Amino acid sequence: MDYITGQFLVNLLMNGILIGLIYGLMALGLTLIFSVLGIVSFAHGEFYMIGGYVVYYLLQAFGNLEPMIAILIAGAVTFVIGVIFELLFLQPMGKGDIERPGEYAILLTFGLAFFLQHVMIGIVGPFPTKVDRFYDFAEIDWGWLRMKAATVWFFDMPISSSRLIATGVAVVLTALMIWFMSKTWTGRGLQAVSQDRQAASVVGINPSHMNTLAFGLGTMLAGMSGAALVTVFAWVPWVGMPASSKSFIIIVLGGMGSMPGALLGGLVLGIVESFGAGLYPDPSKALAYKDAFGLLVFALVLLVKPTGFFGRKL
Amino acid sequence: MLEIKDLYVGYYSDLNIIQGVDLIAREQQITAILGANGVGKSTLLKSIYGFLKPNSGEIWMGDRRVDGTPTHELINLGISYIPQHTGLFKWMSVEENIELGGWTFRKDKDRLKQKLEESYERFPVLKEKRKQAAGELSGGQQRMVEISRTLMTDPKVILVDEPTAGLAKLLSQDVYDMLTDLRDNDGLTIVLVDQEIRSALKVSDYVYVLDLGHNHFDGPVDENIDLEEVFWA
Amino acid sequence: MKRIPIQGVLLVLLLIFAFAFPRIMQGQPYWLYVALQSFFWAMMAASWALLAGYAGQFSFAHIAFMGIASYTSGILGRDLGWSPISGIILGTLMAGLVGVLVGYLCLRLRRTYLALFTIAFSEIVRLIINAEHEFTGGPMGLYMEPLLETTSYVPTYYIMLVALIVSLAIMYAIANSRLGLFLRSIREDEEAAAAMGVHVVRYKILAFVITSMIAGIAGALDHHIIGFIAPNELMIPRMSLVIAMAVIGGTESLISASLGAIFIHFAMEWLQKIPVPASWMPSLRENTATLQQFGLSLGEGYLQTNAWRMVLFGLMLMLTLRFWRNGLIQPLLEKIGRQGVAEETVAKRKFSQEENEIEGTEA
Amino acid sequence: ATPEVIEKEVIVTVEVEKEVEVEKEVVVTEIVEVEAEAPPVGRCAPMDAADVEVIKIGVPLPMSAPGAVGGGLAMQYAVNIAVDQLNADGGVLGKPVQPVFYDTASLPERGTAAMEYFITQECVVAVVGEYHSSAGVAEKEVAHKYHIPTVFAETWNDTITGAGYAEVFRIAPASSMVAAADVNYISNLEGIEFVVIVTENTDYGLPAADQTAEALATIGIETEIYSADKGVADYSAIITRIQAGPVPDIVMTLTTGEDSYNFENQAIEAGLMPTADTICIANQVAIQPAFWDAVPGGNYCSFRKVGLVPALANEVTQTFEAEYRKRFDIFPESYALEAYDAMMIMANAIENAGSLDPDAIITALEATDITLAQGRYYFPYGSDNPVPDDEPDWMWHQWPDPAVLFIQYFEEGQSATDAAVIFPEVYQTHDTFLIPFGETP
Amino acid sequence: MKLEIKNITKNFGGMQALNNVELTIDKSEIIGLIGPNGAGKTTLTNVIDGVYKPSEGEVWLNDERIDHLPPYKIARRGLGRTFQVTRAFRRMTVMENMMVPAMAINPGAKRQNVINKAQGILEFLTFEHLANEYGRGLSGGQQKLLELARLLMLDPDFVILDEPFAGVHPTLQETIYGYIDKVRQEGKAIILISHDMDSIFTLSERLVVLDFGAIIADGNPQNVKQDPVVIKAYLGEDEEEDY
């Protein structure tokens, strides 16, 4: 236990915050889908996976493509796939033909997850690939802040630069989404549908379109987060499965359907996992239980406050 | 204005709830649709408003045939619907709720602003509460928001389903006053489904009584109206 | 009403077929083995259908109960030398006990929240079994003493078949008793049910206990037959498979759900290779290299799908849900057996209308 | 296939009836004997190659979750390469060879199903393959039950061969062998006192880590094991934790695939390894070019490789590698090489046996002496030469020398072929057990 | 037959829905409970019924404290209520809907007896032709009737009717009047919540008025009707009676 020092705890916290923002990025799209369609997509991670691969192959083909553009293209690709899927399979749900849409959607997206994942295995093969960090940092040394191409030291605490970039993307995307949802007409239309479908159609909003749009935007965000994170993690066709389960946890922690909630939920999860794994007495099991710590907090939150931190009260 | 010809609608393929109903909602009048429970009044409204697809028959709006038109497009034709239970966006502010009523002309900022002002003039309470979440309002105020939202689009016809069920007397009086006001001052055509037969008769100009899927009785509301037929069940 | 016997006749035929199966499949132990595994899935799917379809508890914890019972029995056998039978009994009780706990914790959770909570529960169970390998065998798995000292699948086939029939009978009785009625009323509206005097807490927990015990006994039996269990079997995709089976069969009927499971299990086996018309073979053979590139391979008159099997499965699940929303088997059974409620209502309504009309003309 | 089965059964019952006629008291024991000796009903492979059109060989592999799909698909492709080569050379016993694949998904239950399917439905003559021990342990039982010769390609669990079944052979190392090799290497380094092992929580990783730790303890080296579930993408918490403790002399990665890349990359970015004080031993997937994309700072990491040095690859290896690259464009992993070799060994044994009789094939397998992609294969202990008391049980039908090499990169982006072989001494390319951090040999 | 509501307060977050409500009912009578929308009438029902736990105060039924009992126990002690917003079991038939309360309170009940009883009630409420219709296939008014039908199956000694007339056709309202009369004659107590003043004044023997969660009047209907506070809060000035 003598390894537990102040510096150690600060490092754990810092790790937790960074990975937490990244987790938040993963969950952003899922929370949008949940808020409008009222469903959890089990294929969320697969769109995340596809986003990553799109960037990988784009950068393979056009080596000097601006990475941020690659991220946008990845978003466009997953948007299209999401829209097609929604039109083919989720539309009857919007029409109110489905008795229990939540469960219907869980199963349907589970089938989609299977489908996408194994098709990708067939196409790209099962071996891990990865994209190197998008940008090299300039070299500086100010004592408290040192930077090198791949790593930044903040008060002697090493932080990977690709993670920093990904968290930057996370914050920007979340801000954009919040702005979009509250300030644009389309965003308000989405909100309206999420709160009362019938009323929305009574004012002239086409709820089916909004459903399609929301699902597409959700998968787009999933794709973009994958695109940003393919520099952080090694990529395989099944990389989406843990991303999905993390996202489930996060949207519940943050309050289903809340955008800032997604980031906050991600932070909580990241910090809990970090401290759990850092402080669990038996080192050989510390990491084995890392997911369990998150799940435990998740279960507790569900039991104590099912609406999450940012959940709607009414 | 709104005309229904020999309409057949149902929930199962081989059973029509509405079996050959004919109905005309005359311009600038309140047309009441009455009848026992389960005769198909709500079903009729739902089919006019595109939630249910007619099996046969026609629905005309002016000289345009509208059966089969999706709900969100009807609004462009000037038909609006106030369902029985309030359908507000509970977590949005009052102002956002009313503004969303202007969805179909959302690009036209000036018109939006003007219509919003009109709503506030009609219901000054709402102006005070405009930043409050709609779900926190009392039942009557929620009705006001809903009506304001419906009026944003300048509809020609409004369909209203049991607007006062469960409303306190004072409030339901307000609602009926509002309906007559809309007819008299804004020139709207109103189709009213109600079980509050007495109150409905007081405000309406023409009444239809339905019997299990059929027309049973209809006639203008005046001193000569056959009350027996209206209360028939 | 008079058509109900058809369903009964079908059931009897089905039973006769099931009991005769080992004779029909004599010398084909593979199909016997597949069948006995399918009974395991059928028990899982049917008990899940009781929990989700009747009681409305869309839970992912079922696979964990299966695992808890199996591991309990396996560990008792390994450390204390308990016989499989006593192990299975205690394991089942253990699953029931944990069922009480989970049922209790889930009291306040509905729908998607319940699904997510139970996923978390299942994962925690699996992670613990995986991590505490000194005790559970961890990822290396745990040997389970064989149920019978025989390599033939005939006796084990009958054991699983009887287990399935008995558990179905029990669940059928439950579903059609007061308990079933209460469970459905709870599914529809808990508060209203409570206001009518239904002891919601008790019945909800009871639903968890009963179904998790059936999952438990299915798992413990099956793993004593396999002789081995590994934590991988508790993974969420396997639970999703159970749910898919029940849904494809139809969640509101136990028989449908179990037939769905048997059907899917056989279909998944069958999908290992799909037959190809002889006329295709030459052109396929020319492209063997390409096929191999994508993980497909050729046999005589068939194509081995291997990894693509899962793609087909995903597609099948999506299409079934989309186009046969009540499952594949349940509507079939309803068609054969009984007029739908809708039709009955239609008839009655028409009748009452006619009566009205007659009265009308008389008056 | 079915008609043969029925015939067989008839024979068995007739025999029993005959006994009954002879004498009642003997009957009981006789029946038992007959039943015990009769091959279990269902096995349908013929004994004579003349009776078949193709010789079928079963190949159980994980091709869906929770199995390691990557391993399964690579091995499937490798087996196909082997079969194509065999058939191009005229097949076995003049008949073409046909592999029959089955997805076992790392589950024991699927393993049993696979074997039953191969043996009773497809009438395979032999079985080769499997990646996961968890499925393998179940498969070996069925192989034993039907007396079907089986060569396991990549299942490390000691008990696979430890059970001593006549039918079961293995060309992958037993996990104890790998642990021994690790310890052997580490004991050759100087000043090693504290080793950190990061392992995955699987049937491969945990036993490997435990055995290594145990063996290191015998030479006085302290170890600390961190185990993680597959798919844990973020290792920062325990990297921080390792850094907070005493500086390890070695950090050894026993996670596989993308997980190892993630750990190594994060550990390197955090400055945990490799440093002047800490040696980095990466997982064997470091052999792939993708390693440099995934772990850009991975220079001076060494990794363990089972099988021949790329530089020393023989002709078979090279031909195979060329074929393999057509699909995956990467250097074949050891399990791909093993799958290829396993199929070749089996074909060779059938050819030598001159018949499809399992006993003949097993005898031929025991007499294997052939050089393939991974080196020269032979099985020192078998029915003629039982495992001696001073050797562990799992040496039964076990290929004793899968080469376990340590290779180290010393230039960024270096190809595995150019990297330095540092252990064992015989293969050393730079006369050293370790190229110190930052130095060029 | 005694229901005592002692000093009940109920808060939702910062909102006080009930404020020190005191009410005693100790003989079989029909009590009209009225008040503006949002006054707390339904909330009071829910507190009595055990759906909500009161923030403060106690509820006693026949000298037993019931405010901490779960709803099903309260139902079994003979207190039944209907829901203002109807809550039919949507995927169960009308018959099954009605079997639930009967079987829940009487474990030994014979299925056939229950069905017979239900049949009788359905006839009484004139929708026996819908016995096999699913709950979701009922019209708004029919769902109201189903609420009542289930209550009849429960056969409680103490009945709370929350807006039984809203959306129900006048002819059927008469039927419900008939039911209320019958129950009254059996010596049971009824709390009737309604905004339909005609019905309230016709039926009730005692009137309780809630406003902002507090009782502002309690007594003889004729007196309450004249109470200026009540008129201001709820009834309004123009008391006209036609038809």
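As written, the chain order gives the labels A, B, C, D and E, with residue 1 at the start of each chain.
One rule holds for everything that comes next: contacts are C-beta pairs under 8 Å (C-beta built on N, C-alpha and C of every residue); 3 or more make two chains touch, one makes a residue touch a chain.
Remember, predicted model here, so these are calculated numbers, not experimental data.
Under the contact definition, chain B and chain C share the contacting chains A, E. With centres defined by CA atoms alone, the chain at the far end from chain E is D. Using mean Cα coordinates as chain centres, the one most removed from chain C is B. The interface holding more C-beta pairs in contact, when A-B is weighed against C-D, is C-D.
Inter-chain centre distance (chain A to chain D, centres taken as mean C-alpha positions): 37 Å.
One inter-chain figure worth recording: chain B and chain E are separated by 30 Å, centre to centre, where each centre is the mean of the chain's CA atoms.
Here the CA centre of chain A is 49 Å from the CA centre of chain E.
Put simply, the C-alpha centre of chain A and that of chain C have 32 angstrom between them.
Under the contact definition stated at the top, the residues of chain E that touch 2 or more other chains are 91, 130, 137.
Listed for chain B are no residues, as none touches two or more other chains.
Within chain C, contacts with two or more other chains are made by residues 127, 130-131, 237, 295, 307, 310, 345, 349. Of all the residues in chain C, the ones that touch chain E in their complex are 178, 181-182, 184-185, 187-189, 191-201, 341, 344-345, 348-349, 351-352.
Residue ranges on chain D touching chain C, taken from their complex, read 2, 5-6, 8-9, 40-42, 53-54, 61, 63-66, 69, 72-73, 76-77, 80, 98-103, 106-109, 112-113, 116-117, 119-121, 133-134, 137-138, 141, 145, 157, 201-203, 205-207, 227, 229, 326-327. The touching residues of chain C, counted against chain A in their complex, run 52, 58, 105, 108-109, 111-113, 115-117, 119-121, 123-124, 127-128, 130-132, 236-237, 240, 243-244, 247, 294-295, 307-308, 310-311, 313-318, 321-322, 325. Looking at the complex, you find that chain A touches chain B at residues 185, 188-189, 191-192, 195-196, 198-207, 312, 314. Listing the residues of chain B that touch chain A in their complex gives 49, 51, 70-73, 75-76, 80-83, 87-92, 96, 99-101, 103-104, 106, 133, 135-136, 149-150, 152-153.
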